[in-house]
Structure formats: structure tokens, C-alpha cells
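Next come two complexes built around chain A: one with chain B, the other with chain C.
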Partner chain A sequence: MNATASLTTPTTATGTRPGNRDGYAIAITVFSTVKWWGRAALPVVFTVPKIAPQTISTLQRLSFIHFARWSLIREIPYNGAPQPEIKLRHPHLYFESNFNGGWEEYIDAFSHILTRGMWLFWGSSYGFPKALPTGPFKAYIKANEMEASHFYSAYPQATATQITRALELDELLADLRARAADMPPDEFAAAFGTLMAEAQRCC
Partner chain B sequence: MTATATALDLGDIQGDILRAYGNAYGRTSYVFVTIRDPTGGRDWLRAIADRVMNAAPWPGAEKPSCAWNVAFSAPGLAALGVPERVLRTFSDEFLEGMELRAKVLGDTGSSSPEQWDGGLRHPHVLVTLNGLGERELEAALTELRTEVVRHGLEIAHEEHAHTLDGAREHFGFADGFAQPAIEGASDDRAEGGGVPLRAGRWRALAPGEFILGYPDEDTRVDPQGRLPSAPASPLGRNGTYMVWRKLRQDVALFRRTVAAAAARYAGGDERLLRAKVVGRWEDGAPLVSHPIDPGTFDATAPGANAFLYGDDEDGRRCPLGAHVRRSNPRDALGFEGRLSFRHRIIRRGMPYGEPLAEGVLEDDGADRGLVFVCFNASISRQFEGIQVQWLNDGNVFGLGHDTDWLLGGQNGGSMVVPGATGDDPPFYLAPQGPFVTTRGGDYLFVPGLTALGAIADGVTG
Partner chain C sequence: MLLDLTALRDGNRCGQASAFMALTPIKAGHEDLLRADLEALGAGDGPSPLARLPRTHFGRWVVCEDFVTDPSQGGADTMGCPHLIFTCCIDGDIQSYLEELCAELAPETRMIWRHCINAPDPAEGADLVRYLRHNQIDTGLFYSAYPNTTVGEVRRVLRQQAALRALAVDAPMLTAEELQRRFLAEVGGS
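Coming up: the complex of A and B.
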């Protein structure tokens, strides 16, 4: 085989570690240590809806991102022995998100499209290099990313976009099904044609 | 901003990257050489180094009769004695090589490496020869073969390619003219080739997207002026990465399939259906700007390539799954093209094999297809991004797992051709056997001329 390949760390087709994948779904999990002022600032960013509305609505338009969630971890829950009790000297920002596509494309979208939002969320974390240029930002995320020990997708063969589309189509079909029983063939053919024309507009 | 661009060191950059030799040279031979020992390999490199063509403009109309260019695989660099600590500074996908990335690229089944041409499985060095005509090319080939034997090396594979009439590829489409516009090299092609801006304006791409050692689209906005990651000096300046793939085309199968589908499409309009598959008519006229008829189209006219998909969101003119719309979606992904502008490649492919005579619908068993060549600064972000996310999957375009119908993938592509108006139902192009099969290839590094000298002298660090 190729001797120079041993110089690299294997990633999957999508540029992420194997544990982060289940079929088409990809998980990303990032922990970062938050500076003193983040402890006060982040809850404000999270709860005051006027601060990050653009970021949220843009995120919703990026259909390959299923969700993205940032939370502030102030303490590690203690479930009793044998778990060691851990006291956090600094709060941590816990980021989790699921998406379809490639890891690079995902972070690129964050850098190029959600530039300001990234600063709002990660600006108070130690070492955050800004979202642009993407090179240092990707290195930062890679360095703080954890491979999932368990990741599960209910529909590993589908993407979130496909599932949304399928649900839309299902409604159209259910409607036709309800009307079809009494239709003569030519009327059904016309109704089916209309449904097809309608369905292609779901894009 | 353009200060960096004007500084492109054309005298040190290899000539086939920024210049489309196919326009001037009708014949190209790709010769893969295996290095047996580092000393013999470096002696050979020194012997041919002064033939290697740079990108400096040619004076007047005087073209060299044959242009030489050289590229290396990662095992090739290792075989020439480039030390491991230097190799580690190259990108992961380059170090892995195309064969190990086969699953990533969709090279499975009849495209899997076990099926590849033997000599293409572990290439070391690729010498590309562009000849004005057959005589000039033959002379260069003889010279190259002699030098190879004289230094105790071996030729692993030769692939001979040539332009077809009208710059067509084997399926019959004009090919190769849509190219990225690069600051300092092809600013005049910004309209249509660059990044679309607001109000119909365009700008050329930063040179670091295609040549290592220069600012790219990412670092051009960096106040600290950091450069993108590149191999350690002196290898990281004026070089680039090259993707070389031999793609066999089953022309008879493509013709039969399109003809059969067209019988059910728009009153049997096969020409239109073919255009829908590619997104351009056979002569190159884009469907977005020429939805009904190609008219008279000149691909080289200024602005001929300056079209966007924003006014054709549903793909009524150019289907969302058409080959050119997938491979360069321009503004089709929204956000003013910011999800696509970092996935551009310079294409320098050339057809190989004799064309299948017009009208023939049965395979004659002959090997023909496209030697697909592209240059980019990041194989994973640019070439693999296009191949894996855009051609082998349709999710970002809202096309589910449809793969590019023109290439066909292992299970065959599938495609929806939206109706031309709101009430027309869509037309389905069902999956087929693959029209295109991978026969071999690799990821290569194309050093600048100074870096080539360093490799030949064994002083890479």
C-alpha cells in the first residue's frame, strides 16, 4: 500500500471521525473554556432574543444543519461513586450540532455566513481566533472537538432535508388519496399531473 | 488587494496550471515514471528539469513545439528522498493518495482500484507532454523514454490524449471553457468566472485558491496577512496540487439511454434533453440564458459565461441536477455564493481514444473517455468537495441522494428535469449503469521550478 498514508489521521468521507457518523447524519461536539466575563455575558446572549436573531434565522435557512445548541456548563453533575467529583474552576461552553454534508463545508458556513454569531457565542472562550479566516477557526474547533462515544440517528439513510420534503409530499399525497377513490380515470390522471407539478415546487 | 496578485511569480510556476495548453496544443501524452532509487531519480530529474515549462508569457506567436510539465505523487516524493518530516507538511489527502480515498470518491464496483489499469495504481512521477502535432510529440516522447532508460527508471504507464473536433468531449458536448478567473492571471474573465457580487458585478478569485504560497479567499481578508497552509519551504511556494483521473466513457450506452428517454420527453426533443443533462447545449450555450434554443453561441466572447441561477430557482430552465449547475452552483446555494466560492477548480482535461462514429448505438469495445485533470490548492476542499458533496450526492441542492446523471455513479445517476412552466409535470431520468468508469489516477503535487530544483538536488529540508 501507500507508505506515505501512515503519516495521516484517518477521517471519514465527510472529514470527521468515525464515531461522529451514523449514516448521513454527522455529530459535532465542542467544549471550550470560558473567560470570567463569559459567565455573565453568555446567559444574556442565550436569553435576550434581540441579540442573536439574525444568527438564529440564518441557521434555520441552512437546511443541512439540523440544529445547533450552545450551553454553559458551570458544574459537572455528580452521580455518586465511583465517579470522581469534579469542580470546574472555569465554566465551559458546550456546543453540539447535527448536520449533513461535509465537516469543512459545515465550518465554512459558520465562518462565512454566521461570522458575527460565532463571535457572540465563542468570543468569550479562551483561544477563540475569530471565525474568519477559517483556517485558524477550523484548527480551533478541531482542537476542542470530541469524538462522540455514542451517536444515533433514527433515519440514517436520510438527511434532514429529505425528511422535511417527504413530510411535505406526504401531505399532498394524503390529500389526493382522500379524493381519488371516487375519481374517474381521466380526472385522476389530471389530478396526479397537478400533484406532480405542485410537488416539484416544494424546492 | 491586487498587490499580491500582480506578484504572481509566473517564471517559477509551471505552465500547464494557468494556461490552457489544449487551446494551442492538439496532443497531450501523460507518462508515469517509476523511480527505482533516489540517486538515479534525481539525476534524471536534473537532466529533464530545463525542459519544464513555466507560465511566463510566450514572446509573440512563438510556441515551443512541445511543452513539458512534471508532477509527483507522495510515494514519488518519498522515492526521490524527500524526508518524512517534510512530507508531513503536505495535505492528508495527498499523502493518502487517490487509491486510499476510493470509497470517499465513490470509486467502487467497476470503478474500484482493483479494476484500474495496472500502471496507474502506484504512480511516482507524471510527465505531461503537450505537442503541437504528432511529430513534435513523438520526438519529445522518444527523448523522454531514452532519458528514463538511461537513468535506470521505468515507465509504468503512458496515456495519449488529443483534442476532438470542436473541442468536444466524447458524449458530444463542447468542454473546458468554463474556468475560474484568477487575480493577476485572468482578471479579464472575472465576469462569469469569478465570484458573483451584488448588482451584476463579479470579482476574480484570490490566486491562493489555485497556487500555493499566495493569499486565498480566506486569508485575503486577514489583517495579519497570514498565508494558507502549504508544504514546508521551498516546496510550498508556486506549487499546487493536481488531480489526475482516467475516466472511461461508455458512449454507446449514453446515446441509447438518452435516445430512449427522449422518446418520452417533450415530443421527442433529444437535443433539449441532452442540454438539460449538462446544463448547456452541445455547443456550450448555457440553458439559463438560452432556454429554448442555443442560437449562435460563442463560448469565447466576453461575458459568454456570465450567468447566474438566481432567476431560475426551480430549475425550469436549467435543472438543479444538471452537471454544470452541480459542479459550479454559482449563486444557486443562496447566501450570495458564499457556500460555493471556495470549491472551484482549474480543469485541464483532454479526451483519449477515438470517437465512436456518429449514430452508432452499439459499443465497439474501444477504450475512450476523458483524462480529467484539475488544479487546486486544497484537494479535499475543492476537488473532493465537488465530487463528493455535489456530484455524488444531491442533498445540498434539495435533490436527495441523486447523483450526477451525466457521470452515472456506480448505481447510475438519477435526475428530475422540472417542467418548463408551472403546470408542466417534471420528467424523470431513471438510474442507469455507469456512463463513466474510473480507470485509475492519483493526487499529485506540481512544484514550482525552484522547488523542482530542490527535489532534483535532494535539498528539500
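Coming up: the complex of A and C.
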């Protein structure tokens, strides 16, 4: 949402257009034109992570991503005149990400950590200059990116890392929460201390 | 990480979460009017209308003028006219979410989709759900860092995390009884 974003966006959100921010949350929206062979290759690329989820573990290392999606557009839905009826010459790849941090940092991390994956997703797109070095890739994304006119996050002040850690903490807390009311105070205090030490290590 | 059979059957799903996208054609000359209406949503200190749909994690409206043509592709590919992209990441199934969107946010949906070609007039309710479904673009791959966590659960664990941090700061100054009492009151017992 643009209005609150201007007040709350962290200074680390470098390179982010105003419409693509809501608090710490950043939106990226990109179209690219796909070569003929991407029509067959991309559905395979999309299916592999569903059959072998470990292949997407690299994406999980990009811990600042909340949600991301890829879609292959082969035709434009037709609604009748006066909409021009269009037959696309190429398929088009739609990509969007909901993340936190800054645009520059996001593209840098994406390029360095997901180098091979980037080729799998965008190697069939016209003009894709390879993930590294990042300069030409950033120019490519900028040329293909669109600014949102309205962007909303349900928890604009939370980073993806903060949420995954809060979920880990919740699991850690479950046992103490269940027993807390029935424990003698000294036993509770000792258990609380142990839990906080564990929480510092993992969450 | 386990095999996600639901996602295998339906690319719009990842765990309990769903991704929706609609691509709707904008009436000639309406791009700037639509942009102005979208930028006015939640202007000032007001919340986004999507905040009224508690199943929404993220949502966006984007006015897309056309595809970008790369010099190497040998000829432009066009959408025919500018299009409105609406996407959201939500809890649960798409159909019931769209029904909620087109009912609860009717004042906003009327304002937005009136700019789109052959959208129902007024743009709300079951007719708008059908229009959005007709213009839906299926997702090939949908990724979530926390696919089985609802918006409500995200907010709950964040509140719990903040409460526990505050309690940890105060803990050295509290007796065992005070610590336990505050834990039960602020973090919660089951």
C-alpha cells in the first residue's frame, strides 16, 4: 500500500519503486517473452520441484522470500469486442515475488545463490543475459518490471525470516505452554531458562 | 520437505495456500483513470481494502501497458490493449475467496473493474466472480516459505514472539511466581 509504505519502508529497500512497497514487504512483477522451446521446457521446470521438493531448497536459502510464483501465458483470455482478439506468437513468462529487503539486495542474492536455477527459469526468455554478472541482469529485470498501483501485505512489519523463526519458536514453546499452569514456580522458572537458551540457538 | 501432492495436481496450490491471478482487458483510454482509482485505495492512513479479507497474505493490482519486446525476438508480441493484473496469495481455496472479494469489497471492485472491457455492470458479486474466473491465469509454480500457515497463525506467532522477547528482558527482575504468572497471561498456556 503506497501511503503507509512511504512512512515505514526501511532504508535498506534500495532501488524499490514506491508502488512496490508496503512496510518491509516488496513486490516484484516481471513479464518476459519465451522462446519456442520454453513452451515445452518450462512446464517441466515447474513440475520438478513438486516431485522432488529438495530441488527447491536453494530457494529456501533465499530466506527473505514470503511467496513467489511463475506462470506461462500461452493465450490472452478473450472477453468479446471491443477487446482485440490476439493470437500470441510467443508464450510469456510471468514472475512475481513478495519479499523483504531491497530490490538491489534481492537481485544480488537471487543471482549469486540461485545462479543455475535462474537459467532454468529464464534461460528460455529472450534477452536473458545470465544471472552473473548482476549488472546486465538488473538492467534486464528493470526493463521488464512493472510497478504495482496497489500492493498489500497482511503483515507489512514482519520479515519472512522473522515469521519462520516465530514458527520455530512456537514449536519449541508448545510443551512449556501445555505444562506451565501445573508446574511449581521454581520448576517453571528453570524450564523457562532452558527454553530461552534453546530459543537463542535456533530462533 | 515432503512431496506436495496437492501442488502436483494444482499449480495454484502450495500447502494450504493458493495463488490467484486474473488478466483483464482495460477499456480504451481508461489506464490513467484506473491507476488513479487503484492508487486511491487505502490512501492516507487508511488500511488497504484487502485488509478486510482476513485470508489475504499478499495482493496487488498492476496496470500492464503491454509485453516488453526484446530486440532479439524478431517482432513484437502484443496484448492487444492494456491489461489489469490482479494477483493474491491467500489461505484456502480460490472460489470461496473470490466470492468474499466480490461481496465484501463490492464498493472497491465496482470502482476497479468498471474500467475493464465487458466486466459486469456493476462489477460485483457472482457475475464478477465468473468474469475473474474466465480471465484467470493458472500458476505454473507457486512457492511459499510457510505454506501451511494461515494469516491468523502468522499474526499469532509474531505476537507470541514479541511477548516472549519482552518477558525475557524482564525475567531477571522477576520472582519465579511473577515470571510464571506473566508467562501464562502474556504468552499463554494451553
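Quick note on the criterion: the second predicted complex is superposed on the first by the 166 of 203 C-alpha atoms of A that agree within 3 Å, B and C clash if a C-alpha of one lies under 4 Å from a C-alpha of the other, contacts with A are read in each partner's own complex, and residues count from 1 in each chain.
By definition in this document, a contact is a pair of C-beta atoms (placed from the backbone, for glycine too) under 8 Å apart; a residue touches a chain by one contact, two chains touch by 3 or more.
These numbers come from a predicted model, not from an experiment.
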- request: Look at A:R61 in the shared chain and tell me whether it touches chain B only, chain C only, both, or neither; answer first, second, both or neither.
  value: first
Message: Per the contact definition in the header, classify A:M196: touching chain B only (first), chain C only (second), both, or neither.
response: both
- request: Between chain B and chain C, pick out the one touching the greater number of residues of chain A.
  value: C
Query: A:R165 contacts which: chain B (first), chain C (second), both, neither?
result: both
Message: With both complexes superposed on chain A, which partner does A:W36 reach: first (chain B), second (chain C), both or neither?
response: neither
Query: First (chain B), second (chain C), both or neither: which does A:G15 touch?
result: first
Message: Contact-wise, after the overlay, does A:E104 reach chain B, chain C, both or neither (first, second, both, neither)?
response: first
- prompt: Which parts of chain A are in contact with chain B and also with chain C?
  reply: 1-4, 63, 162, 165, 196, 199, 203
Touch list for chain C against partner chain A, complex: 1-4, 7-8, 11, 17, 19, 21, 23-25, 27-28, 34-35, 38-39, 41-48, 50-51, 54, 56-64, 67-73, 75, 77-81, 83, 85, 87, 89, 117-118, 131, 134-146, 149, 151, 154-155, 157-158, 160-161, 164, 168, 171, 175-177, 179-180, 183-184, 187-190
Complex contacts: residues of chain A adjacent to chain B: 1-5, 7-9, 11-13, 15, 24, 61, 63-64, 100-102, 104-105, 108-109, 112-113, 132-136, 159, 161-162, 165, 193-194, 196-197, 199-201, 203
Field: Interface residues, chain A side, partner chain C - complex
entry: 1-4, 19, 22, 25, 27, 29, 31-33, 42-43, 45-47, 49-51, 53-54, 56-57, 59-60, 63, 65-73, 76-77, 79-80, 82-86, 88-90, 92, 94, 96, 98, 125-127, 143-144, 146-155, 158, 160, 162-167, 169-170, 173-174, 177-178, 180-181, 183, 185-186, 188-189, 192, 196, 199, 203
Query: Which of the residues in chain B come into contact with chain A in the complex?
result: 74-75, 77-78, 84, 87-88, 92, 95-97, 99-100, 103-104, 122, 218-219, 221-222, 226, 228-229, 313-315, 320, 334-335, 338-339, 342, 380-381, 385, 388-389, 395-396, 398, 400-401, 416, 418-419, 422-426
